[in-house]
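Multiple structures are listed underneath, in structure tokens.
Look for chain A in each of the two complexes below; its partner is chain B in the first and chain C in the second.
== the complex of A and B ==
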């Protein structure tokens, strides 16, 4: 399978007034056509920044792409003009945002907001766009007669369905879903997830599923990348990463989850806090919380090492003797 | 919607009644004898007593109040000016078009210039455009408009001689008074627009609009401005009400026969019926303007509309935040 999206050595910093936030540090990712990648990590790990960089929606005033390249279908996105990016956004790549309560414009009807994206990317009349929008509403499980209603007339779950309808309206090649279920309550989460799963399978598109919910990853993803302090620390198939985690952070993360059939004991949190993103150490940034920390962990920053075919981990534990000497 | 309008119009009645009552009693207890004012210092006490009798000023105050209300409500009679002996309703009606025109022209000017300046400063935050326009508007809010009016006359009438210094007999005569009146509203509107757009531009739905691949101009005018407009409308309404209430100094400087000067003259000469009617006029103007602004809120914001339909108008700011 060919790569739909390639991210090479992407580094993004936010220039704040007195400091620089190192949000994304030298990450590389490939996403194949039809593949669903789960991007996992805690708040501030750089997941959303990565997504916004792909969309070309980083805040111009603050964010700066220090280095790296992003290719979609072999075309470099970072070299494209603002106008060319407008043609790609919503059409080739679209995004579902985290909070459905604020993601919809309160003064426009939901139908109008779906029809807007159709009219932008497909040469069609107002009536055709409206018809398409109604079709999309039905697709996401909202009766089409609600076309003329406003976001405040919808519940959170329904709003997220509308946001999904907007994102899917032009059948994008790549869908970026930024914590699409985080702001919803659990039963609604399950419904929305089910809807997304169904649509992903039907449309055969590539998806980046940003989440901190490992359950979501297990449910719908093919691959999984774990991010920590702006870096990818482990990458592989969902089975590899969830069943055979090799990076200490991933292991800790999985340990901290309650098990449904295990004995009920206290939850095991990961001790400590994430390194300050304005002041990351020149060595492994997980070192201060790592129980398996070795002497060399403070000597340098390890690279991703292929621990098994297609399964990568960024830890000195996996360095073979030969590499260690390098 | 119609029900809401009727309800609001009915709600104006107690407001206006309250205003009329308070003003009536305040003018009544104000020191100063209208009879002395009318007849002048050379009049005798007998003459004054006669006039007081004629005007009904020596009746008990509650009786005066009763007859004033009776005339006002039953006949729609605002009374007669003590000084000019002319019906006040007619006097106000004569002056209203001038004041209304001045208010409308200056409001239009303020909106047409103030809103784009505000948007531009917000979009180019901290750029020289922003700094320049916000300094300008700070000056605009701060300078007294009569001083600005004099400055305009000095420059455009006296030095350059392009525009007439006084009078509104020709269209050119309107230019300076309109500019002088609008400067404060313009500056206030520009500042409000800027802060409102700044607040809106970081909203998630703006990012959604951009994520759709929408053009920046459409993002600004369709998605941002429609959401930012409520505070702007509020300021416009306040400013419009204030200008409709009359611009005393501007009217005096440019010799415009408007209501502002009329009211001040009435107060200076203890012309009670005139004062009362002027305040009545002001309260009606403010009530009507705020009703119009509330209806405009509903026109731009479906959430406000929904409240009107459910018959429970709440504070707009609170719902906009929710």
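== the complex of A and C ==
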């Protein structure tokens, strides 16, 4: 399968008054057509910055793309003009936000807000756009007679359905979902995930699912990338990463989760806090929290190593093995 | 055993059906809150009566506002002349009514002028921020640092004594408060997430401003406009009082006051000043009360 989205060596910094936040450091990612990638990591790991870089919506005043390239369908997104990016956003690449309560405009009807995307991207009459919007409402499981209702007349889960309808209205190739279920309660989360899964399969879309929730990743993702301090520390299929984690951070992360079948014991939190993103060490940034840390961990920053076919991990532990193999 | 049925249930059911029918938008909600405010509704009724009088003055009087009747100068209040006549024998009631037309029309137009320019400048300043914001808002500050009345007088003198120049003079001198209100409202709307969402969907700047930011900032703008009309009516009367506003023979409350003041010592001429004075008082009171009510109805903190 061809690559829909390619990110090569992307580095993004936020230049603040007295410091520079190293938000994303030299990450590379490929997403194939129809593939769902889970982007997992703590708050501040650079997940949203990566997404905004793809959308071309980084704050111009602060953010600076130091290096890297982003290709969508082989076209470089970073070289596009602002006008060209406007055409791509919503049409080719679309985004779903975390909080449906604030993502909808309170003074427009939900129908108008769905029709808005259609009218922005396709030359069609208001009536045609409205018809499409009604169709989209039905698709996400909302009766079309509610077209003329306002966001505050909907519950949180229904609003998130509307947000999904808006994002899907122009059948984008790539959907970026920034924690789409975080603000919802558990039953509604399940429903919304089910809906997303169904639509993703039906439309053969590629999806970047940004989340803290490994359950969500296990539920709907094909691939999984774990981010830590702006770097991808582990990447592979969901089965590889969740069942056979190789990076110490991923292992610790999974240990800190309760398990349904295992006996209930005390959860193991990861000690310490994420390194200060304005002052990252020149070596492995997880070193200060890592229980398996070795001497050479402070000597340099390891590179991603392929530990198994299609399964990459960024740790010196794997160096020994691969060096031994040599 | 059947379920207990009480009259209260019927009542609640009826109410529920009524509620379901009506649309609920920030504006219908605001209107509902406004309806509960009695004083504001009194103001609204006065404004509606005033508007009807201003639009159809001939329905309310059979006299012409220019006809002079030298047989009855300074006539007292009577059935023929409800508010008496002035120093030229003209019917004061008729003149007060026709004066409403001029001040309503010009005040609306001048508010439209300042709302348009203030709105464009304010939303550009808020949307683009940075240098554009600095330049526009400093210009507004300069404009605001000149006393409004003086600026209006100067502009009215410079532009000539026509209705258009009066309208422009008033409009330009009152741009600053509109620009500031619109800027503040758009700044608030700008940070809301649906704007970000719309950006992610490929909306351009014009679309963001007209479809998302302005509709979400209409509340404070409507309030400012209501107070603005009251201020404009007062200003028109002030300018007319000193002879710069609406020119005779067209009647205007301010110029009627001014005409009347020289006859104040004659006891019988009191309607010449008191009646237009009361008219100004009532209309600006009504608009201010309505403005207060609107502000309360649209203020999200009071919801």
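Please note the rule applied: the second predicted complex is superposed on the first by the 319 of 326 C-alpha atoms of A that agree within 3 Å, B and C clash if a C-alpha of one lies under 4 Å from a C-alpha of the other, contacts with A are read in each partner's own complex, and residues count from 1 in each chain.
One rule holds in what follows: contacts are C-beta pairs under 8 Å (C-beta built on N, C-alpha and C of every residue); 3 or more make two chains touch, one makes a residue touch a chain.
On a predicted model such as this, the values are computed, not experimentally measured, just so you know.
The superposition on chain A brings chain B into a clash with chain C.
With both structures placed on the common chain, the touch criterion links A:106 to chain B and to chain C. By the touch criterion defined above, A:294 lies against neither chain B nor chain C after alignment on the C-alpha atoms of chain A. Residue contacts after overlaying the shared chain place A:120 against chain B and chain C alike. In the superposition on chain A, A:95 makes contact with both chain B and chain C. In the superposed model, A:87 lies in contact with both chain B and chain C. Touch criterion not met for A:16: it reaches neither chain B nor chain C. Between chain C and chain B, the overlap after aligning on chain A sits in one stretch of 9-17, 27-35, 45-53 or 63-71, namely 27-35.
Where the contact sets of chain A with chain B and with chain C meet, they give residues 55, 57, 61, 86-91, 94-95, 97, 99, 102-108, 116-117, 120-121, 150, 152-153, 163, 166. Contact residues of chain A toward chain C in the complex are 55, 57, 61, 86-91, 94-95, 97, 99, 102-108, 116-117, 120-121, 148, 150, 152-153, 163, 166-167. By the touch criterion stated above, chain B contacts chain A in their complex at residues 125, 203-205, 207-216, 222-223, 226-227, 300-303, 306.
Those residues of chain C lying in contact with chain A across their complex are 23-27, 130, 192-194, 196-204, 207, 211-212, 215-216, 218.
Residues of chain A that touch chain B in their complex: 55, 57, 61, 82, 85-91, 94-95, 97, 99, 102-109, 113, 116-117, 120-121, 150, 152-153, 163, 166.
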